[in-house]
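For clarity, chains are labelled A, B, C, D, E and F in written order, and residue numbers in each chain start from 1.
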Amino acid sequence: MKNILTFGEILVRLSSNQGKRLSEANTLHVNYGGAEANVAVSLAQYGYRTSIFSRIPDHEISKGILHYLKGYDVNTNLIQLKGTRIGTYYLEVGAGNRSSKVIYDRAHTSITELTPEDLDYETIFKDQELLHVTGITPALSDNLVQVTECLFKEAKARGILISFDFNYRAKLWSKETAGQVFKRLLSYVDICSCAELDFIHLLGYEQESERLSYPERLTTYYKKLSKEYDNIAVLFSTKRENLSASTNQLTGYFYTKGQLYESPLFSIDHIIDRVGGGDAFVSGVLHGYLSNWNEQNIIDFATAASVLKHTILGDANIVTEEEVNNMLNNGSQINR
Amino acid sequence: MKNILTFGEILVRLSSNQGKRLSEANTLHVNYGGAEANVAVSLAQYGYRTSIFSRIPDHEISKGILHYLKGYDVNTNLIQLKGTRIGTYYLEVGAGNRSSKVIYDRAHTSITELTPEDLDYETIFKDQELLHVTGITPALSDNLVQVTECLFKEAKARGILISFDFNYRAKLWSKETAGQVFKRLLSYVDICSCAELDFIHLLGYEQESERLSYPERLTTYYKKLSKEYDNIAVLFSTKRENLSASTNQLTGYFYTKGQLYESPLFSIDHIIDRVGGGDAFVSGVLHGYLSNWNEQNIIDFATAASVLKHTILGDANIVTEEEVNNMLNNGSQINR
Amino acid sequence: MKNILTFGEILVRLSSNQGKRLSEANTLHVNYGGAEANVAVSLAQYGYRTSIFSRIPDHEISKGILHYLKGYDVNTNLIQLKGTRIGTYYLEVGAGNRSSKVIYDRAHTSITELTPEDLDYETIFKDQELLHVTGITPALSDNLVQVTECLFKEAKARGILISFDFNYRAKLWSKETAGQVFKRLLSYVDICSCAELDFIHLLGYEQESERLSYPERLTTYYKKLSKEYDNIAVLFSTKRENLSASTNQLTGYFYTKGQLYESPLFSIDHIIDRVGGGDAFVSGVLHGYLSNWNEQNIIDFATAASVLKHTILGDANIVTEEEVNNMLNNGSQINR
Amino acid sequence: MKNILTFGEILVRLSSNQGKRLSEANTLHVNYGGAEANVAVSLAQYGYRTSIFSRIPDHEISKGILHYLKGYDVNTNLIQLKGTRIGTYYLEVGAGNRSSKVIYDRAHTSITELTPEDLDYETIFKDQELLHVTGITPALSDNLVQVTECLFKEAKARGILISFDFNYRAKLWSKETAGQVFKRLLSYVDICSCAELDFIHLLGYEQESERLSYPERLTTYYKKLSKEYDNIAVLFSTKRENLSASTNQLTGYFYTKGQLYESPLFSIDHIIDRVGGGDAFVSGVLHGYLSNWNEQNIIDFATAASVLKHTILGDANIVTEEEVNNMLNNGSQINR
Amino acid sequence: MKNILTFGEILVRLSSNQGKRLSEANTLHVNYGGAEANVAVSLAQYGYRTSIFSRIPDHEISKGILHYLKGYDVNTNLIQLKGTRIGTYYLEVGAGNRSSKVIYDRAHTSITELTPEDLDYETIFKDQELLHVTGITPALSDNLVQVTECLFKEAKARGILISFDFNYRAKLWSKETAGQVFKRLLSYVDICSCAELDFIHLLGYEQESERLSYPERLTTYYKKLSKEYDNIAVLFSTKRENLSASTNQLTGYFYTKGQLYESPLFSIDHIIDRVGGGDAFVSGVLHGYLSNWNEQNIIDFATAASVLKHTILGDANIVTEEEVNNMLNNGSQINR
Amino acid sequence: MKNILTFGEILVRLSSNQGKRLSEANTLHVNYGGAEANVAVSLAQYGYRTSIFSRIPDHEISKGILHYLKGYDVNTNLIQLKGTRIGTYYLEVGAGNRSSKVIYDRAHTSITELTPEDLDYETIFKDQELLHVTGITPALSDNLVQVTECLFKEAKARGILISFDFNYRAKLWSKETAGQVFKRLLSYVDICSCAELDFIHLLGYEQESERLSYPERLTTYYKKLSKEYDNIAVLFSTKRENLSASTNQLTGYFYTKGQLYESPLFSIDHIIDRVGGGDAFVSGVLHGYLSNWNEQNIIDFATAASVLKHTILGDANIVTEEEVNNMLNNGSQINR
């Protein structure tokens, strides 16, 4: 078993019932999310000792977050209770031909005020073996760009593996700024989640010819990046086909040592909640990678985990390894 | 921006949860509907100043109707608070292979007692540019046949456009009576929604050969009707394929000046609520027509609007023009 | 065990959550009620074979009524499925200083169309030993005045006991008409529920001096009525003190053979639903009377039964004899 | 109309909302089920006088069961109120790629303590014409194996038809024990529901070659069994294709006098609740068979009934014959 | 009828079910509030043409606010859609011995960024006759102190009545700052709500001797203030006795021209929601005052209105004048 | 900070909505309880490191228990996942004059199968300083009588404080057996909760004269017991007056070294949930005692904690020390 640290904002999510517009909702469901919290929860279900380094205000709503994380076996000792605002987002759950809609309310939150001076490396990194952060964290404030870099540097120095998920959010910052920051961060990264659009819009790569298949194009991008940053050991991402808000198709890709591995094509019908599907995928990859599974197993498991997430209301993938494997063996792949 | 008047009954709708039979429901959802109210609400979301001329009793349930209409920007000044019964309908929401079921409770309602004597044309038609009524209104009582005719006559005299949607309901009156009334009303109509079965069963047209495609047959009917009533400028309707109560396919048709325009074929999966889909379609056509869009844009937009309605619980299409266009551009058409 | 027949309308009740105005309710609770149905259900819980003679339309909502009545052991064989409207009422549940509010929607309902021609006495009265009707039934239509009289006459002729509860409702008819009808009906009645205001406003009695206590005044009224109608064997009623919509006090009175019996004063706090409290009281009296309990036991039990009803959401008093007695023995009487 | 008796455990079912794991559910829906109760309820909706012979404790939860069964016209006079435990099961409702999950809590329940000494045949079998039991009943305890055999023997002696549904549940007993018991029971059976896996795993038949189509293989099994037990007049089963927890395909098979009849292939999308689908099918077959319909009608109706069950939350198929036929005529068969 | 303008923040309120701590809530009720919005809504129910000047972001959540205000007849034309944050507060609804708890999340909201430059007096004050603001508005930001002063000055200049409610909130600013600002604002005020603690803690008055009764002490404070600011025509406040979170007692006081008027003592049991009770009181006073009622009527009506508010879930007092008067006449005063 | 161990069954609680009988409930609230779990949760909120030694089956429902306990900071490492049944109880929540009703379903549960052989004392008692058990645990099975004695003996030997709460439940065993077991257990106990009826019915004490006040009688009983078992350092209990299911009065008593300390009399109105009130009281006493508070503080705090519990839905007292003290200082004591 391994100790895993994530770093990022923990959010309160308020979502309407399916079929109700946010503007007419008279009750909202409360869940807790945030990309890094989702990964911490998912990995805890696979048996890891996960912690999240974060900051939230010291009040009743934060208590709900702590109950939730502890209840799902995430260590909360590194969460600082400080500041005044908790990150919040409103989710209008889509259905059929109406997409889901997200409204962020995460300006001026507690975590955005975190500075390098607040970092007690000894406490933060004690016993950790892997640090996972997504591109959302540095997007939240200039402070957090610095803090993320400091943490990456220090983790590297301590021989801790670094996992990074691009997770670019246009609502939070521009492509230019994101690209610059990501390029600096990439030099520390061992394990990396990014896809074609990230290469083109954030890293400035030229789009490969559309005559190439998607896997062929992806292989090219991954190869180039691996050459540029030889610290990156593995790269991965999913490709999603939106037939409607309720019906999707999903394929996962995992690249290492010059070779791309592709999962089966999964059909996802009757989607309950696709938020957190990406975090479930990353968690699956991390679990397979840290367990030294073979590459095909890793990508099959991770994609199946992501598929399963779509059936659960809430951000986190509350499933066990056994449940993912059951789905993988009895599930819904489409022949190609 | 244009001022639009609708005339019809405003209904309280009581619906069960999906998966529950009405006979075992212990809670019911309250929504407000009625074909003309739905059109008024939808057009208000597109930016029109809409009013509804109607009558409901003066009690707490009616207050809920007024709150609802005002909240969605429909002017309620022409709603008379009088009489004793409010129109009600119970909706058992279908799913999969079980169709939705409607039970009307709209006999002896306030609006059915409205007579031509109650019509203060100056007030009713002040600043109006279009009057929309559906075939449900005259179906409710003999009084309302008269009132509808009076309003059509007076509107015509004042140069107000008249929009009429057949909306034949077998639960309310016979095909014979409906056909007779509709024929009289048609001589005032500028904008008209009706489909193949209306021609055959209400207007007494002979069914065109099934060797003709549906668009070909529809074109024939529309042509004939346009010749008969040269006041009718545009005709339109949708064709729905019921794969199940949860999965439909929809195509829209718009006819003007001898030519039929066809929308893409939309696949509608995971239907939340198909009630009001027709009213959403009519509202879309009216918006496009009043905005002088080209014909293809009108029918594409209107059909997309109707599709979007299926994702929202309640009778009315609470969406903006921008949201319809987003769906149209990113949506779920099926290649033919 | 005895066979009991009631006659009256069965209603669908739609009530808002406590704290919500009807005009803003987006869900309503469905219950079934009607004074005579409530008595039938309560007596069935005490072990009687009860039936209700009534008429409702033949549709899904009526099915819910049948499921409910059968589930609580009321025989539904005498319910005719005919006509088009089901009686409905909306209940805004009060709380604290805001009273409950009722909106009736029971004009033109199926039962109002019932005529003496529809009465098949053999079937209706087969094996019955007591007929219970309230003043609401004849209030619903002229037809029902006639039907009630016919039933009373025929029941009398067959030696069936007749129980009548005044239950005057100002929303349904005038005091004058009610008084005239009630006077005619009283000549058949054996068991009668009425209180001071009924004597003054409906029967035209002069108000007794306020220097007399309430029990003294009531004794006087009851004596007079007993003299006038010597067929009436017992008379009874409750006196309610409304401290708020949530807190009441209740005393029961039972009169027979010249003597008035008074229950303890019950304090009722935290009222969940007071609708049907009177029907629960009548049911308690009928049970005690038919069981030949002594007078004090009858009135104590009946009042306790009514008190218990206030703790249950819905019109009917879903409690057993044992539960009423438990409350009576451990309950909440106030010393005077 | 015919009198039908079923024998089996009546269960309380506690199910989570779709999208919620049982481990995070804070409310659970209460329904009542049990294979034999489901058949009794479904047949009562088709107009039969059904009873269930069972045992449950004498407390408030059992009262709910009695209200439910009576409300849906099932006679409860043969239900003994005795013992201490009520059978319970928790249902995690699946969706999309996550299957439903059932947790039984039915050890030591009241019915398991029933012994042959408790059987008063005169009362139990009075006026009955058919006895239906499933393989779940003898699976619950050794006592119940005996009781089932006694009832079968006695029913046979009285000329009552015996219907048996294998319904093998691995959570309750081993294949070996089940097989032995079923073989003994089969010698009494007239009407029997079992499918390919039952033949192979319980009756020890060899699997027919996969080169044969499923209907061909099934015909072979059915023929053999009919030869072995010439008391069995009809055999039937369904074949289900699980595309996901929300989308299935279903075909029904009915065998009699050497010939197999096959229903259309039904597509079932948007599944609300598939529990009880098998009981709905059996009920449909029994109805058709007892009504002397032709074989194709029987299997079409029964399969359509089962399909319709998937749209209703709860174990029982609360639909009328008319509703099944409507679905059959307008429904969702797939061309093959 | 009069035109009334209020100025202040409009809040989204998220509240837990009674009996649930916020930290364990999985659903929250959505209501909309804010002291000035509450007054605007209440006065609109009394028949005034009310507007609110405010600023909220341009997104789906704000749409809900607009639907709500329009639905209850508040003009929203002066609400600017700008900025990024909407004011939010979480309410843990108390019960019995546990008080309600409020968590504000209203830093950096749209309205706090409003500056005097944003004020278009012509538009804002067009046709207005009274401006109502509470001490919460200037508490939200330094900008809003300035804006409030500018509006008061300009209103004064235009002969518009100014109503001010101290509404001091310790969670928003210190007593010192509030006191300084309030003193400046008071010189414009005509109608003023403040109570004993405001005099002592904000205005620096010495506490009057406790040997004086509360009305005597209040009279002294009011007299002094009236002397200091002779522009203030009327002063008023309530005195609340908290017997528990569910049971309170309330008295209202109204002072003008040297004399104090006292309402009956109201007992408030079974409190549903006491938030907004003060705003309901102020609205009642404003209505009485603008209607030129006599002083005793004003204070009785206003206090009764406040009492009624406690029975309604949500911030605003959704009641008519008639309903308040009914309560006043049939209600729950306690004899002293 | 101290380490505290409790030992007992953890239960799933299923409760109806207030106003709903269990027999008509269609949804049930899920909470988790059990006297010892409640104490563990409450003490964890006061800052203790608490653990519970227990056994539950290894399935999804147990997962919910683990999430809950971990979320509220109770260590679950000593919970064995074994056996087949989870203890369950149904709660019909009372209101006003209708008491709450509990139906246990806890026969044959996992914990009842625990034997002395399963006890690994080293693991169980590692670092523990106090062991708390109630009389419910030995009531569940003969095994558990033995296990409790073994644990008490071993704890004593290790110098661990032993806290015992009589908690006699007539539904689980007879007074005689309970009395015998309790007498044996008492010889190990340091801290003990028991009240007058326990002395009379379980320990066989003679009832003290009713001319003595309750505190006087209690002092006598406590003195006698302290003489008999000089190991008992402190004794305590509450006295509850049931005015109704919604309104109670509560006084706490704490006895040590020959002297009885009495809390104020607390009025409890608007009771949400009184289950767990006793466990909240014991937790309060344990906290005060372990913190070396003075006796009056201990009993005031503990009683206030119990009062606060009545305002929270669910078994456990989810409040902090600060919240109890706030209530104590601002709360609802009644003058005597």
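FYI, a contact is a pair of C-beta atoms (placed from the backbone, for glycine too) under 8 Å apart; a residue touches a chain by one contact, two chains touch by 3 or more.
Per UniProt, the chains are A, B, C, D, E, F = Sugar kinase.
What you see is a predicted model, and the numbers here were worked out from it, not measured in a lab.
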Review point. Starting at subunit D (Sugar kinase), what is the smallest number of hops through touching chains needed to reach subunit E (Sugar kinase)?
Key: 2
Revision key, fill the gap. Contact steps required, at the very least, to link subunit A (Sugar kinase) with subunit C (Sugar kinase) come to 2
Check your understanding: Taking all residue numbers at the subunit C (Sugar kinase) to subunit F (Sugar kinase) contact, is the shared part over half or under half, that is, same or different?
Key -> different
Point to revise | Duplicate of the A-B contact set - from C-F, B-E or D-F, the pair where over half of the pairs recur | key: C-F
Practice item. Please identify which chain has its centre, taken as the mean of its CA atoms, farthest from the centre of subunit E (Sugar kinase). Key: D
Practice item. Overlay subunit A (Sugar kinase) and subunit B (Sugar kinase) by their C-alpha atoms and let me know the rotation angle in degrees, rounded to the nearest 5. Key: 120
Revision key, fill the gap. Separation of the C-alpha centres, subunit B (Sugar kinase) versus subunit C (Sugar kinase), in whole Å, is 45
Check your understanding: Counting only residues that touch at least 2 other chains, which ones in subunit A (Sugar kinase) make the list?
Key -> 21, 23-24, 26, 67, 270
Practice item. Check the chains against each other and report every pair that touches. Key: A-B, A-D, A-E, A-F, B-C, B-D, B-E, C-D, C-E, C-F, D-F, E-F
Check your understanding: Along subunit C (Sugar kinase), where are the residues that touch subunit D (Sugar kinase) in the complex?
Key -> 67-68, 70-73
Check your understanding: For subunit E (Sugar kinase), which residues are in contact with subunit F (Sugar kinase) within the complex?
Key -> 17-21, 23-24, 94-99, 242-247, 270
Study note, to complete from the structure: Counting only contacts in the complex, subunit A (Sugar kinase) reaches subunit E (Sugar kinase) at residues 14, 21-31, 59-61, 63-64, 67, 84-86, 88, 90, 92, 101, 103, 105, 107-108
**Study point:** In the complex with subunit C (Sugar kinase), residue positions of subunit E (Sugar kinase) that touch it
**Key:** 266-273, 307-308, 310-314, 318, 323, 326-327, 330-332
